[in-house]
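To start, the structure under review is shown below, and the notes come after it.
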Amino acid sequence: MPTPALPPQGAPDRSRRWRRVRRAAALPLAALVLSGCTVPGFGATPGDTTSSQSAYHLWQGFSIGAVIVGGITVGLMAWAVVRYRRRGDHIPVQHQYHLPLEVFYTVMPILIVFGLFAATLVVENKETSNPKTNVTINVNAFQWGWQFIYPGTNALVYGQTTQSPIMEMPVNTNVHVNLTSTDVIHGFYVHAFNFSRYALPGVVNQFTFRAQNTGTFFGQCTQLCGLYHSLMWFRVKVVPAAQYAQWISTFNNPADAAAAAAAIKTTNEELATGVASKASYTKFGR
Amino acid sequence: MTDVLDPPIHIEHHDGGHEEHHGATGILNWLTSTDHKVIGMSYTVTSVIMMVIGGAFAEIIRAQLATPNGSLVSLAQYNELFTMHGSVMIYLFAGPFAFGALANIIVPIQIGAPDMAFPRLNALSYWLYLTGSITMLSGFFVAGGAANFGWVAYAPLSNSLNTPGSGADLWIGGLLLTGFSAIFTGVNLCATIFYLRAPGMTMFRMPIFTWNMLVTAILILLAFPVLTAGLIMLYCDRHFGTHIFSVAGGGVPVLWQHIFWFWGHPEVYILALPFFGMVTEVIAVFSRKPVFGYKGMVFATLTIAALSLGVWAHHMFTTGVVLLPFFSIMSLLIAVPTGIKMFNWIGTMWKGQVWFSTAMLMSIGFLFTFLVGGLTGIYLASPPLDFFTHDTYFVVAHFHSIVMALVLGAMSGLYYWGPKITGYLLNERLGKAQFWFLFIGIQVFTFPIYLLGLYGMPRRVAVYPANPQWKALNDLSTLGAVLIGVSTVIFVVNIVVSWKKYPAGDNPWDAQTLEWFTTSPPPHHNFYRLPQIRSERPTWDHNHPEHRTLHHGEHDVDPQVPESEGEHV
Amino acid sequence: MKTEAKVLLGLGTFFGLMCAVYWNWSLENAGGVMMFAGMLLCFLPGSYYFWWSRRMKPRPEDNPQATQTQGAGVVGAFPGSSIFPFVMGMGAFFVVLALVFGIWLLVPGLALVVWALLGGTAEGRRGGHH
């Protein structure tokens, strides 16, 4: 039985295949050319905290691996499609196995995976650690805004949607955050910190930032929480330590003190309940 | 060559031995049919309609996001749109197409069976799917609108306090119906594959598509009951005063995520494995070679299924309450069997005679697109990297690369098996036009939003800050979505233009597996005759006895003597 | 039947190992329970097939040298057209709508379900149309 021709209304189009080959080759070539001498970010940014930079370097490492593995695979695909396209009618040799090759491309990916996992663990342990600190911020997410309470002080910041309340914190200091929600699940996401964490009702998620650069950084809710989810904005403002101390002291008039004390009391109750009853769930939440 | 034997296998008849179908005609015939080919065709048509509906929602979403402060739809309508886009695409298109449409038609004929093991149950599966789809979509017509809490319905957002209204309950009800539909199909596929194979078709001679459908069926049985249970719990929380997922009553909201994603992750493999199978068949046929590394493919599929039950919480890395290292290593490991499959696909083409029918182009497009989606998935398996990509457009881009790859696989399956099912080929020139619009559209749609996510745009937002870079990337992505829409139009045009125009014959592709031995379309109860089955390619062995698969250690190309010469009647 | 048994028992064993590691390491109960249930789901048919495969005669589809005449005869019962899947489907539809729009819908819903159960069973015993 002769090799079947394609059904009458279409013939293989050679020029299209060449375009495919060029397209397939373009990406790895472009990556090589554009990389220059420094390792590119592959879309990510180093960010402004110590852990954001670790995560960034991990991203770069993963990306180099992805480009190499992806480049080889796309190269093999392109080669197969070009070099072994049909010429003539004969039926090719019916190979079905090549055990050494199959073992190789089973074992190699396993080794690569363990390498990626090891690198992940290093960064993950660093990022989820909770070093000693003397600045703590309790973050309450709610529909549809944010509340920042500074226990031990009278500072209290509150804002809804596009009011975009500002969470002020000192630079080069470990800042510990206690994150919770009073209604549905929200997402606390700061792009410049390469970080996000869910604000869960009944649970306190704890993490630490050490910002290295001053500036005001945009933050947003990333977990769908209802009607104004798109507008649940906040900002993080990193300032020099002296300026931070001065900002804290602006809350020392009696009205502010009372409001802050009331807010802190409520939050502490929620935190206490959250921590006490959900201890097993926060075990790995750091 | 007399390895094709008469008499045919006997089917029990109760109406006097007539082979032809006497009975109701027209709509009553359709309502009472238990023929897997009719049911599979119903699934195909319904699921493609669902794809068009979900696609329409997508186009509205992209139009809204074309400007930063778009006002095409309100914030409330937008939440309904992306919820129903995801729900329709995953629950009502991809799943049913994957395991109810082509699988229903093809699995019995690939193993030489006259029908599925439980034909009436099969029909019930379809009616549950159709009524479930109607139930879910009718949310748009009730006060309060359709479900609006995302296709994942996280608690506490999905409880009656935060989402009152019948739209949510219709969503839950629709999923209860489609869930049972899937479970019954899983039962049917397992029973059919275990009990109805033709003589000589041992398990390791089944086509890879059938193997993948078997593993899909087992995954369905493992996963779907969990979703059904979770939905019932959610309904109870909403209406019977229970507090399973709400803090106030001592419940745990994150429990919903554990239950949902324990189903949700196997679900994405339930969606993917059938298309892996389709693409495997197509690549082998259009390279004129056997599947490379057949046993490796089978073990890789089983490994994927096994691992898929242990990775669910990689969707929950940012909750802060899951065991990060366990789920990270398991998720990274799942890349290994997937990579094995990828290299086996390339190995199938290697040293072959590759010819570029539309089906083959779609499969090659699948290879590239799935590679992109798979590589970006590896980033997401690393918690520190997930922390800044979760719930951003990076994740949206990742899973759209994957599901659009599955759409390419679906199109490959339709162009490949369409002629077998209907008896008619589709126009190849239009098919190629569809391919290019679809393939290029997918890349233009997804690549900008990978970057958009890395630049900080969250998902499920109707508006975004006025940032020229974000707007440019959104516009480019919208252009890609338009190209995909054009490809869908070309597909529909192709069906209309090619209607009954190009008769296919039994085996237009010189294909290899058993279904190509019978007529196009197959007769009632599928086969008049069956060939001898001595490998996973019985039709190829019958047509090309001098080109049997080389066994390990063989390097000859000399014609081999067929094994059982003595089976003459 | 041996391969079928091995597939299911293999998966079940893997789930059991994964469950043991996960549950002990994480102390998280939901995932542990679900993985354990998955293991049981695989062991149930898997051990049945394993037990049965050692006692049964090899079927034609388990025999690599089988011929098609060995498979001749009744393969199974394949009921032809039947209205009962549609009736059952409609019944289930109304039952689910009852969850949304009111208990009264359970009346037509359950009526259709019961009709389908009774009718379908009778049809199955009778042999049905082809």
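So that you can tell them apart, the chains are marked A, B and C in the order they are listed, and the count of residues begins at 1 in each.
Note that a contact is a pair of C-beta atoms (placed from the backbone, for glycine too) under 8 Å apart; a residue touches a chain by one contact, two chains touch by 3 or more.
Just so you know, these numbers come straight off a predicted model, no measurement behind them.
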Comparing B-C against A-B, which pair counts more contacting C-beta pairs? A-B
Among the chains, which one keeps its Cα centre farthest from the Cα centre of subunit C? A
When the centre of a chain is set as the mean of its C-alpha atoms, what distance in Å lies between subunit A and subunit C? 41
Centroid spacing, where centroids are CA-atom means, of subunit A and subunit B in whole angstrom: 29
With chain centres taken as the means of their Cα atoms, state the distance from subunit B to subunit C in Å. 21
Which residue numbers or ranges of subunit A touch two or more of the other chains? 284
Residues of subunit C that touch two or more other chains sit at 26, 28
Residues of subunit B that touch two or more other chains sit at 322-323
Contacts from subunit B onto subunit A in the complex sit at residues 75-76, 78-79, 149-150, 154, 156-157, 162, 247, 252-254, 287-294, 296, 318-325, 328-329, 332-333, 335-336, 339-340, 342-344, 346-347, 349-358, 364, 367-368, 371-372, 375-376, 378-379, 382-385, 387-388, 390-392, 425, 427-429, 431-432, 436, 450-451, 454-456, 458-465, 502, 508-510, 543-544, 547-552, 557
Note which residues of subunit C are touching subunit B in the complex, please. 1, 3-4, 7-8, 10-11, 14-15, 18, 21-22, 25-26, 28, 30-31, 34-35, 38, 41-42, 49, 60-86, 88-90, 92-93, 96-97, 99-101, 120, 124, 127-130
For the complex, give me every residue of subunit B touching subunit C. 5, 7, 9-15, 21, 23-24, 29, 31-34, 113-115, 117, 119-124, 126-128, 130-132, 134-135, 166, 169-170, 172-174, 176-177, 180, 194-205, 214, 218, 221-222, 226, 235, 239, 255, 258-259, 262, 302, 305-306, 309-310, 312-313, 322-323, 326, 330, 525, 530-534, 563-564, 567, 569
For subunit A, which residues are in contact with subunit B within the complex? 1, 3-4, 6-10, 12-13, 16-17, 24, 43-45, 51-52, 54-55, 58-59, 62, 66, 69-70, 73-74, 76-77, 80-81, 84-88, 90-99, 101-102, 105-106, 109-110, 113, 116-117, 120-121, 123-124, 127-128, 183-185, 187, 189, 191, 193-198, 200-203, 205, 207, 218, 220-231, 278, 281-282, 284-286
